[in-house]
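Structure, as structure tokens:
Which chain is which? They are A, B, C and D, in the order written, and residues in each are numbered from 1.
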């Protein structure tokens, strides 16, 4: 069996290392990025670079997309020179962006009408995990397309999960997870300011809780950033975190789920952006928690 | 050197297994409990049972107390037949209850005035961890008293932390930790209802997140309770959890720390108690999250 | 000078009495409604009834629209047989619906491109005030168009306000006002449950505060509804109130304004709708406040 | 019948003008204040000045107290040289301070045990209303004592309300009212920042809403302060407003009433005090609302 021909669209801090790993795994890879200079290193390593989404996918069996938001995905999929119109019959679009479940469902229907496949495949993990092929990937869509996709996700992930046929399901899980991370960040920010104003050392607390009750990566890594006030360069830009929180809010609204913690987060991110902090790491909401408590912030 | 003589006051679900472990470790133990029938098994195993706090501590070198709240601790310490007036010179009172840091500081000063020692020694862990000697114990108070106390905490704990001389410090840490646990519970409750109303299975989500992003005991254990709706018999009564959350609120007020997540929790627990749910497990706030979203609850 | 020819599109509980007053004031009125049977009484009184928005406005100098939401307004304006394509040169579209300021600005630009006028003219007041010509009307848009519009608003209003040239400005004010009303409702709901659980009579409290500190219509009228638990038939359907609150939330997000009270309201309305209460009056959030406090609700 | 002999204890910005009005109404008045220099003007006008609470009330038929908080009231009532031990049989203590209903009930029982009367008589209104005898006064306690008290409240108030026999009832109403005022302030702060960031003028908005939907003193007066940023000198110090909000929170906790708006206020006041703003007017929470939205604040 010959290798599937791959297209990878969107070479940001997550997409770039994933495209590279597919290339290194031996797949023929065509890439596309809004700013084509991002593709240079991959081209040196053997990738082809296409001028448009349509051109990138014209010969591909499996197409990955990883872009900033719903609007960007819709543009490269449905816009002029978009990918959907150029997909080969039976090709698979593995959509890795963090988007609304509703958008995923709508796009999936449009793919189905053209007899091509849409699989939601959002990922958990930061750029270093992408480079190491250690992401957690959640898939949802038709079982056949998932089965064909799974081997290609192998070089990218430490674990894959099948969320079933609803193409929006994997996005629901991704949004749920990002909400939980954001809530853990706020929890630590409040907790460590509370401790600090009552005589404890935040760095020590982060170390203690990360080694006992909350001995898991989210609390360990983010706890350290918060305690040390290390918000730049950002691991995950606050403006993007805010986008995700708003996707949760929009989905909660559409499904009538009251979420008071989410409501606090919506306001935190609005305040951070209003104060000009959208380019810091999303843990920088801790600055406002501290400021509100009369600390330097 | 002969073994320290121990008194253990307060034989609830946490105190009882700790007293037993001290006895099994070879310490001579005198116990006291408001309802003396709780002492029977320990007496069979060799403990003495005293009729009053004062009698219990009269010959003790190290006194442990583990009671429900600040008021109970003040009563057995300062009330009629209270322990403080009966302590031997140089004896140590290791106070394990979850109380206000301010109460700890006040009691410590009263002990110092009588030339006896007060060490705050609150614990993290549930009754099964107490029975297994696997608690995490945080100590604060004078270095000398802590040094004498440490060996006796050995049979009770997997880890001890020295929080320094401020007798309130260990209580600050304990309250911080309980706030973080309560916030994690609310986070999961919101997250899993959000997922459920958007097509995912809560039990599967709890398993997934407990095995990936949040692979730590708090998320694993409480996540399971929430997903399965297992709220009775309670591991930790909601009424007690509410007490702790109110201690955090009182300390946050006294130190001027705005905490929006805490504010949500204050209301959650009030609602649960108002609806008659104080005797369920404290994860049962998930019932109200579900009910508010139109699920059975 | 001959009378301006008027078209009125949208004959709901607010539009119908306004169209009638314009007719009674002597203006020639053509009406349109999605369900044409609503027009019958007006036709008996001398109005013409058109089959489509385009037909309704074809001969009109001033066009009023009052529909449920942004989507409905866009449909009757820009959709097939929409009004915009059929407006006479120089005609004025007075848009009375509660919509996003951003929608108003976009529609205004589209009108300007066709050399017709868009004036935002949202109203404060309930159906009885509309029937009595006692609304408060806020206008924004070009001064010339406002000047021509003002006399026609006379029979509808006790007061008109000029908000300037930004076509979104009047909608900002309308959303601000609806937020303030919703917040007053929540305030009273919390206050009167607080009082009730501490021994006071809610009806007496509503009377007292409505006669002293808060002697204004919002507190007097809504306070009575809340205290008496009179939520049906609705004066203003909760589902519509929720729509407005979401418009505020969307505008707050776009302008980066953290609003904690708004966040509470977003959750309240989500809960009410999740529990099937979208058709009650929007004061019925008081049911959930009461229920959370252990009252019948 | 000869005039009742009056004692007035607590000559702050509210107590002083009330004592003066009683004097001007012809009652023989003995005053006491922690800082006796405050009494000078009243003594010039014919009042006696006592050295202790006990001395002040020794000959009095009706005793008014107006002090900062529960602790101050307990000290002057029950402390050394406190008033309760010195009251004449059958004398009435009219307690005007804003305190916990629970404190009122406890003090009432202690008065009853000594066969003297305790009537709760908290007031609504600011110092200018006190000086003009235009307060709203709420009374609760035994009907006989209320009946004897009512004529003396005449020169102080535009309206009296009988809240029944529960001595805590009037305090419940007072706390309810202060919560409602604080919530109206937060509502306006959020609303006017929302409007401002979307192009409207806050002063104009305050004028508009104060003249239409919210044409009542609270919105008119406080709205003007907020819109103009006039926070100093304070009409009502934020630190005192915070005290009141905490009394509501404590009473809500004791009666199991979840109050999300209250929770927001608790955090607002904590932040203001943490930032050193306790001496500004309590409308100055608007500074933080503005700052969070990226405005100057």
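One rule holds for everything that comes next: a contact is a pair of C-beta atoms (placed from the backbone, for glycine too) under 8 Å apart; a residue touches a chain by one contact, two chains touch by 3 or more.
Predicted model, so just to flag it, every value in this text is computed and none were measured.
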Comparing B-D with B-C, the busier interface by C-beta pairs is B-D
In terms of mean CA position, the chain most removed from subunit B is C
Where the centres are mean C-alpha positions, what is the separation of subunit B from subunit D, in Å? 39
Quick check: how many Å separate the C-alpha centres of subunit B and subunit C? 54
Could you tell me which residues belong to subunit C and also touch two or more other chains? 252, 256-260, 264, 267, 270-271, 274, 292-294
So, in the complex, the side of subunit C touching subunit D is made of residues 101, 124, 136, 159, 161, 163, 166, 168-169, 172-173, 175-177, 179-181, 183-184, 186-188, 190-195, 197-200, 205, 208-209, 212-219, 248, 251-252, 255-262, 264, 267, 289, 292-294
So, in the complex, the side of subunit B touching subunit D is made of residues 246, 249, 252-253, 256-260, 263-264, 266-268, 270-271, 273-274
Subunit D-facing residues of subunit A, complex: 260, 267, 270-271, 274-276, 288, 292-294
